[in-house]
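Look for subunit A in each of the two complexes below; its partner is subunit B in the first and subunit C in the second.
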Partner chain A sequence: MQVQHRWPGESRFHGWLYILPGLVIYLIFVFYPILETIRTSFYQWDGFSSNRTFIGLENYVSLINDSQFLQALLNNLTFIIFYSIIPILIGLALASLLGRRPMPGMTFFRAGLFLPQILSMVVVGVTWRWIFNPVFGPLNMGLRSLGLDALTQSWLGDFNLALPSVGSIGTWVQYGFCMILFLAGMQRIPEDQYEAAELDGANGLKQFLYITIPNLRAELGVALVTTMIAAMRVFDLVFVTTRGGPGDSTLVTGFLVYRSAFQQNRIGFAAAVATVMTVIIFVISVSILRLQSRAEEEK
Partner chain B sequence: MKKLFPVFSVLLVFSLLLAACAKPTAAPATEIPQAATEPVEATEPAAETITLVVWDQFYRDVESQVMETLNAEFEASHPGVKIERVVKTLDDLKVTLKLALAQSDGPDVAQVNQGRSDMGAMVQADLLLPLNDYAAQYKWDERFSTSVASRNSFTPDGKTFGQGNLYGVSPTAEVVGVFYNKGLFEANGWEVPTTFDEFEALLAEIKAAGITPISFGSLDGWNAIHEFSAVQHILVTSEYINDFVYGVNNVSFDTPENQEAARIMQDWVDKGYFTDGFSGIGYDDSNKLFKAGEGAMTITGSWQVGEFLTDTDQTFGFFLLPSNEGNTRMAIGGVGIPFAIRKTTEHADLAAEYLDWMVSERAAELWFQTGTLPAMPLPASAVVEEGTLSTDALNAWNTINRENAVGHYIDWATPTFYDTIVAELQKLFGKTVTPEEFTAAVEVDYAAFLAGN
Partner chain C sequence: MTRRARMRLIPNYIILSLFLFIILLPVVGLMLSAFKTDTEVIKGPFALPAHWKLDTFEKAWTTGRFNYFFQNSVLVTVVVVIVSVFFSTLTGYAFGMLPVPGRKVLFPLFLLGYMVPFEAVIIPLYHFMDKISLTDTYWALILPQIGLSVSFGTLWMSSFYRNAPQELVDAAAIDGCNRWQVLWRILWPLSRPAVLTLVVLVFMWTWNEFLLALVMVQKETMRTLPVGLAFFQGRYSADIPLMAAGSLIVAGPILLVYILFQRYFIRGMLGGSIKG
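Take a look at the complex of A and B:
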């Protein structure tokens, strides 16, 4: 559909004037740093001295051969399960429980279940670190009081459990956002669709699968994009809980950027990691949105 | 978000600097017109205020009070001088300081972490003032031995550690040893061991009594270095540790002694000498448990003395990890994070005077009172009570200082060494690698550094 770009008598210049303040802020604080990061990724630089050495693609070459980067990337991809897929499933389940039929205390449940989302990640991290503490953490204490001593673990210190443990904190934070998004989307679904389905004899599950899910396609796309971006750029949670350990088992690219840039003074390498991650996030987001709009057109 | 980190840190530094500069520039501006409109009133000429901006990392309560006291006394003895103190955690300081020192209005005095990735890199970038002349003027060599001064020294190109110019003076000293719970020791009739064999026998005895022998938590990573390296220090020679840390004489990490230390660590894990679930416990949490009486001993640095003296009903003592006969008795140790001066400061002489005050007898006395070891001698008048935890630690420091047995934090060795060894030690303690694989993996990092330097 063609939209008229200019109203009669209004110059194009006028329009630019309106967006100027926002544009200037965007260019200075977002666009320029991005370009600068990409430029830095072609240099060897310690971050503060005046001698930068142009080394072309060398940072990118060492990146591909860096087992830590590959491990970190793999961990980021694993985080998608915990940050994206599980929260969306939980969000859908909770939304369909809370959304359709009004029941007493609804606001309380909605607010309570959304609470993790509004907490600062550092607070969340510190709290869960305490919950996971093997000696005095509530999780192991609870298991012990139930006589399940065999199940007690060193949650954040175990090579196999650390990643799922940190990931499940991510799940706890993200599901509230998905739930609210789906609840909002479900308000839009006309009630008569459900009524018609019920007359045709569709049960609750069928109604959910054939009415709720297709109608929430837009919300699912948004939830998937935002939570996947969150999974790819996770930093704060790992920084507070495990600092990438034990070994490299919870190392993520965000933490690798921090470590390379500020602890090892390898700004160029860090910039290369950040650039690669930006590209990956961009590609993922665009493909999800493409898929979604294609599905929309088919409909 | 990631890409914005550098920008944010710059903004942060700028806003701090702006805040720091706001007062002195604003004050004279308002006074001048006043004097012009009221010439009759004989106001005393306002002395020009010099503001010395100091960044330190003594954020813990007791430490912070010492700094506040010293700063107040310095201001009192220097009319017209104002100390603008900015307190940061070490992590925060490490991230922001390099950028701040590169500014023409950065901090005049700051604590600069030793080692290549911090002080070395800053010397290389020409950000720090060489202190050799001030050292002679204030006779700092009478307070610090050469071995101590070399820890704050670099060649002017920032490449060779341990020699060349002096760039900082440290007010405090540190020694890594064994804290023990005196109550538990007395109740069970355990004695402070004098050889490493006795120490290991004691570990077995404590374990048999159903008590955790060594309170430990490796979740934060860094203190695992001390656990391993404390044992490493009583197996290797002091020449080796010096060569290794200063990167000279082409030594290797992949040695039988280091493998032996790694093997001992895994042996202790197998025998359950460390706190159950130690891999999931943070450093502060493991110390909290130790303070609460959980565990008979803990291996850490003397910086914990103050912490173990407050808010606890237990009594603690401190001893150096003993070596077997024939081995060097050496302990990880060193001097605390030194104060350094920004090269482009306008108040270099005043800053040096401030540094001298930070390592004065008065400072030594104040630090010792809080349970922190002073790097410089105590005044003759100082009261030292025998049998206390502070005195135990002071004696330990004096012993290794006298015997020239002050070891090193091995994570200074290369800029990436800290991250490498922390990750590899967690694997070692988690038993996913053998001692041989551990030393070989760490050697890769070290050899790459030697080759590139």
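Take a look at the complex of A and C:
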């Protein structure tokens, strides 16, 4: 970083003038509400009445035994498999399969594979609700036309299937992103590393484990942060496809915050859930970014 | 490229096409349905319509009130993008090039906003907006979105200004430019790619934002497109052509911008988290 020095005749605080407009709006509409959320989580409040009761950590204590919260958290963790682990594995497998040869027309493929990332999750949800519709959805219709009637399911309405069904939408959204990220990373690995490995008689798997993976560390870090956070933040998709149901089988923490705060008026409880959710997201981002910068220092 | 080299790429293209097909099939299938009759949708979800009919769009636009949603979304998005990019340019410039007393505290403060989800702010924000009677107004949709966008924009633009050529700035200073002039005359033209990336990202995030608009707005005519579509789906979920037309209205503008500025989208989204 370059040294930022004062120009002659310039006030010490000149830089603040530039920061002020952005800072003010950020402090009022983002930073202050974050603090308020944390404060609210120590109170019992219905949202209307003027009496908030300070109850200390009670909201947090009740979280530990709250079956809805535990279910929601477990579902978010399950979504990490669908949003993060499966897409990363698909991305890695494909990147190594396609190798590092430049391919004409890659821009077209990249644009298409990236498409789910730019669409509103509401549109994605509407699309997949149609695909999964038990009566006239293309998935069941396709199965029926293949004579596989036994395999047709009420994909989003079944207690056991709803979660993996919604999760697989997440996989659909994320795998193209991971593929592109890793393919771009592979282009940067110097050819001589593979040549040397070839001379040493290392097979494809060994090359993958000892050259490809270590060189993709930065990309793996980005993919992990982005997709895990997406899994923790799921809200729109659940709102549109299942509203957390059937029962609470697809309930996620984001939806629990919304439901408790704006439909059940359990404001303190909702704030505690929101705080826990934020802390988890924060810990994921910070720890992975830290691992990544350590890896970069080693390089 | 030699013939043999090209032949060797064929399996690669087949694999890529397969994965591309899985992504495109559901989207294209739904979009096609917007132009079909009910029976055509049931008969062949992925077949082309016999006649490309457009009345479903009209029905969504007027009966479905997508005309209101569209106006609201456009207004909110345009204001958020312009203000956020302007403010982020200023904060980014300050953090990247100017001496800022207290930067060790201020910069991480902005970073925090980049990491938190909307759930972390939405509860007090709603009660705060309610108290000052701003729910059901554009302000409730615009101001918080600017706050969040500025936090990412600050990180993004400051990393651009940190790496901007110092010689140009020094030369301009010698010519008598002040800080403000250096920013707008010398650096702003250079920052076009960084700014464009920020524009498309903020555009996309604002256009697609759901929770904020869901909570802040009760009046139907104040809804944005994603919220409008979500409630629409609750009522008409069996009417696939209508749902498809609604989806296409929501996705259309983003798709258009994506086709034009694809490079900036992808670069921003791949690079955003690295830089952050």
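The rule is simple: the second predicted complex is superposed on the first by the 238 of 299 C-alpha atoms of A that agree within 3 Å, B and C clash if a C-alpha of one lies under 4 Å from a C-alpha of the other, contacts with A are read in each partner's own complex, and residues count from 1 in each chain.
The rule is short, and it goes like this: contacts are C-beta pairs under 8 Å (C-beta built on N, C-alpha and C of every residue); 3 or more make two chains touch, one makes a residue touch a chain.
Given the structure is predicted, the values throughout are model-derived calculations rather than measurements.
By the touch criterion stated above, A:Thr37 is placed in contact with subunit B and with subunit C alike. Of the two partner chains, subunit B is the only one touched by A:Gly245; subunit C is not. Ranking subunit B and subunit C by residues of subunit A touched puts C first.
By the document's definition of touching, neither partner reaches A:Pro214: not subunit B, not subunit C.
When the shared chain is aligned, subunit C comes close enough to touch A:Met141, but subunit B does not. Contacts of A:Gly204 after superposition on the shared chain: neither subunit B nor subunit C is touched.
Contact with both subunit B and subunit C is seen for A:Arg129 once the two complexes are overlaid on the shared chain. In the superposed pair of complexes, A:Pro190 makes contact with neither subunit B nor subunit C. In the superposition on chain A, A:Arg259 makes contact with subunit B only, while subunit C stays out of contact range. In the superposed model, A:Asp158 lies in contact with subunit B only, and not with subunit C.
Residues 29-30, 33-34, 37, 47, 129, 136, 233, 235, 254, 257-258, 261-262, 267, 274, 277-278 of subunit A lie in contact with subunit B in one complex and with subunit C in the other. Residues of subunit A touching subunit C in their complex: 1-2, 4-7, 10, 12-16, 18-19, 21-23, 25-26, 28-34, 36-37, 40, 47, 90, 94, 97-99, 101, 103-105, 107, 109-123, 125-131, 136, 138, 141, 172, 175-177, 179-181, 184, 218, 222, 225-226, 232-233, 235-236, 239-240, 253-254, 257-258, 261-262, 267, 270-271, 274-275, 277-278, 281-282, 285-286, 289. Residue ranges on subunit B touching subunit A, taken from their complex, read 1-7, 94-95, 98-99, 101-102, 117, 121-122, 124-127, 218-221, 275-282, 285, 289, 294, 415-416, 418-419, 422-424, 426-427, 429-430, 432. Of all the residues in subunit A, the ones that touch subunit B in their complex are 29-30, 33-34, 37, 46-50, 129, 132-136, 140, 152-159, 233, 235, 242-248, 254, 257-259, 261-265, 267, 274, 277-278. Every residue of subunit C that touches subunit A in the complex is listed here, in rising order: 1, 5, 8-9, 12-13, 15-17, 19-20, 22-24, 26-27, 29-30, 33, 41-42, 45-46, 87-88, 90-91, 93-95, 97-101, 106, 109-110, 112-113, 115-117, 119-128, 143-144, 146-148, 150-151, 153-154, 162, 166, 173, 179, 204, 207-208, 210-211, 214-215, 225-227, 229-230, 233, 237-238, 240, 243-244, 246-247, 250-251, 254-255, 258-259, 262, 265-266, 269-270, 273-274, 276.
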